[in-house]
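Provided herewith is a single structure, encoded as structure tokens, for subsequent inquiry.
Each chain carries a letter (A, B and C) given by its place in the written order, and its residues are counted from 1.
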Amino acid sequence: MSDLNTVTAAEAPGGQPNVPHGPVKKDKPRSLAGDAWADLRKRKIFWIAVVLVAVVLVMAAWPTLFTSADPGACALANQYKGATGGALFGFDYQGCDIYAKVIYGARNSITVGVLATLLAGVIGLIFGLSAGYFGGLVDAILSRFIDIMLGVPFLLAGIVLSNRLSSDPKSNGIFAVTLTLGLLSWTTGARVMRSAVISAKNQDYVAAARMLGSPPARLIFRHILPNSIASFIVLLTLLLGINIASEATLSFLGVGLKNGAISWGIMIADGTQFARTEPWPLVWPAIFLGATVLAFIMLGDAVRDAFDPKLR
Amino acid sequence: MFRYIVRRLLQMVLTFFGATFLLYALVFANQKDPIQALVGERPVTESQRIALTQRYHLDEGFFMQYWYYMKGLLTGDFGTSLTGRKIVDMMADAWPVTLRLALIAIVIAATFSVTVGVYSALKRGGLFDNVSLVITLVLLAMPIVVIAPLFQLIFGIQLGWFPPTATRDATVWQLLLPAIVLACIVIAPEMRVTRTSVVENLRADYVRTARAKGLTRMRVIWVHVLRNSLIPVVTLIGVDLGGLMAGAIVTEHVFNIPGVGFNLARAIRTEDGPLVVGFVSILVILFLFINLLVDLLYAALDPRIRYE
Amino acid sequence: MDVLPGVDARAPLLEVNDLHVEFRTGYGVAKAVNGANFWLSPGETLAILGESGCGKSVTAQAIMGILDTPPGYVTQGQIRYRGVDLLKLPEDQRRKVRANKIAMIFQDALSALNPVYTVGFQLGELFRKHRGMSRADARKRAIDLLDQVKIPAAKVRVNDYPHQFSGGMRQRVMIAMALALDPEVLIADEPTTALDVTVQAQIMGLLADLQRQRNMGLILITHDMGVVADVADRISVMYAGKVVEEAPVYDIYARPAHPYTRALLESIPRLDMKGQQLSVIRGLPPALTDIPKGCAFNPRCAYARDACRQDPPPPAYQVSVQPHRTARCHFFREVLGE
């Protein structure tokens, strides 16, 4: 933060050999986004992530494409029965079709994850832009507030807040968890946006635009936002993965989704209890949750690497 | 330097009160029946009601209640849990267990991530480097609710290499598998930072100078590359301690370890307000002090950084 | 100091012969040095002059043996120190040549000095590792050295970190470090480029003094013709990885024999030409992945003819322009104005 006084090293090339660092082609100048896309297209990890994300999204939107079974139809007679025709993964302790439940679990995960991330994105964008653009007192207050938020470990705050928000004993907890994650996870985005705006504000071209009489709103939207929005969107992709994981964690601890709402987190919690007798009711939802989070993190990671040539 | 520390301490005080107030408000504000919430499921008599109202200042404003609570907290009186036990006693039982767990986890994570990260950087682009990059990516993405139960299932139950759950005394042997699980959540970022930092430093001009001085390759790497590369890693390990405390909630729950996370998870499920606020307040203080220590450590390790 | 096997005291101090260096990157092979030739005698200052990208720094790194491999490889040629080909030495002996026999000063002292160690540590390290001295003795020698490069209050400053020095003082530390083990050859890679003009003169003066006292051979790598005129005895002009002209400094300024040298000289602003248009060299240096056929300079050369586009000029040392002069140009007589 502003407390660090680092003496930055001069960026002289020193003894670097004078070799062109890229292909010397005479084609038209490419934009950063164009370069990033050209780089992304060549990455295997990016395509694996895209395919995984697409599958999960389709699963969330049209679960009936994957299974015709009703995840709520459980019969104790089926307890721990092995795989049969439709029920590929067998049945759990309560005799529910594990495959159907896992498929339907994607919907809640994605809904909570996407909505919470959008909420966090909006809050982060507004707070970050204002803190960075106005500076001074606004920045001081917002920065202190973020410090306070970061003073409590994320998961702890999430547990307390989610528990408090879902005090209605009949609710399924989806609203409470979404709100909790949205309200707690915007801080990183706000910080990224704030520092991006501050560094953009000090650029010569922004100073020049201001001297030419460009109004503040135009400055923000024409000059500052386009230069910092890429990293912000990448951050949101990563955050989406983290929020899906957090939903599962809260549900796992009993303060997330509840009252019959299907969640991979609850399935893992139930599966853990009886893992000694039958491991599969634990293993399948764990694999699906892991793969989904991994897909979003890989996607965000690949896009970030592509947009940040320094990290290549 | 002195002025910097004083300023940081003042900021910490502000953050501490801000965070605990938010927490206190979340747990206690606008409860339908605060007295019932304080005793849990048991029925309450009228005389108990009067005693509790007096004890918790429920007839006064919310801010006053917070004020009285903080006064108690700062004089070492954390109040009583719904279970009837003194919260101070419960902390005295729980904290050593969690600290031991976190410490083992940090040692495992640091040893592993620094060794692998440095080796990857030295052999960058090779098979080892690529494999470890893929593994870090997977580790980075795995939520602890996936790792903890799966590791317990595979290494504790199926293979039987480690005890799958801990007993009351939580020996080092029993804590080993949970510590590995905890380490998993911090290994990936630590390894990535180590690798990036070493790769960057290997290209640095002063490393070229060190080679021009006719030093051996070992000396160049150990003295001139590693010393500089490990500065960000050391600070990251410090910051991770806070993350480990949070990760301990799930891990201790899964492995049945009677530590802070275990108590907290139970307290939240049983809506044991005083216990939650007490434990989290201490966590917040710990968190803040670790952050300050990390910043000071940073200055101690890197002479270019001065605080004013 | 242990003696290198095969050292011949009568052989030239340093001789670079037909040196080729290439960088193998994912985008292709960049030929950074394509047959560099020069020699150096004790007490002499040889300036290697050229634009950025002409291979002068790479040549220096190849002599030191500190090329980054991969991507950089020496593919051909010899680098002889007193008759011993350094490229054929095992790494352990090569390492001992560095700093003991041949030392180097880098352009940007701030990034070339390790930020987390005191200058005392970085100077003392040389004595401790090469001479086996104790920490205390090494520290004394470090203070001596700082005195020799005229750093005030050396006893105190020996405990300072690089970032606590000014640019000029930092370059003095760099010089002290290079001279610590009394090398016979000193390579200075753009030693004053990062400094203010007034400080530049002080540093060059200090280098010249120290060189005279120690009778060192100095290779001065620069693109600054002004610096060269002041201190150099001979000049090697490099273009696209080749030495295109080599001559005593006076001759080159008076009568350049290569069109490139001539163009460089004409592009220096001069007081007596005030008001006239400054001539520039048209075009850009070639990309090292795609060096033109024939003479590398032909696309930019005012004298270029078909021969220049077909055949490379004969290797230097065969065209004897005047005694002690070489130029790689088919039409050097024309350039000289004969």
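As a convention for this text, contacts are C-beta pairs under 8 Å (C-beta built on N, C-alpha and C of every residue); 3 or more make two chains touch, one makes a residue touch a chain.
This one's a predicted model, so the numbers in the text were calculated from it and none came from an experiment.
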| item | value |
| --- | --- |
| Path length in steps (a step moves to a chain that is touched) from chain B to chain C | 1 |
| Farthest-lying chain, centroid of Cα atoms versus that of chain B | C |
| CA centroid of chain A to CA centroid of chain C, Å | 52 |
| Rounded Å distance between chain A and chain B, as computed from the means of their C-alpha atoms | 21 |
| For chain B, residues that touch 2 or more chains besides their own | 205, 208, 304 |
| Multi-partner residues of chain C (at least 2 other chains) | 61, 68, 106, 108, 111-112, 115, 163 |
| Residue list for chain A, restricted to those that touch at least two other chains | 7, 14-15 |
| Chain A contact footprint on chain B (complex, rising order) | 4, 7-8, 11, 14-16, 18-19, 22-23, 26-27, 137-138, 140-146, 149-150, 152-153, 157-158, 196, 205, 208, 242-243, 245-247, 249-250, 253-254, 264-265, 268-269, 271, 276, 280, 283-284, 287-288, 295, 304-308 |
| Residues of chain A defined as touching chain B within the complex | 3-7, 14-15, 45, 144-145, 147-149, 151-157, 159-161, 163-164, 241, 245-246, 248-249, 252-255, 265, 268, 271-272, 275-276, 279, 282-283, 286, 289-290, 293-294, 296-298, 301, 311 |
| Contact set on chain C toward chain B in their complex | 61, 64, 66, 68, 95-100, 103-104, 106, 108, 111-117, 125-126, 129-130, 161, 163, 177 |
| Interface residues, chain B side, partner chain C - complex | 203-206, 208-216, 219, 223-224, 227-228, 231, 301-304 |
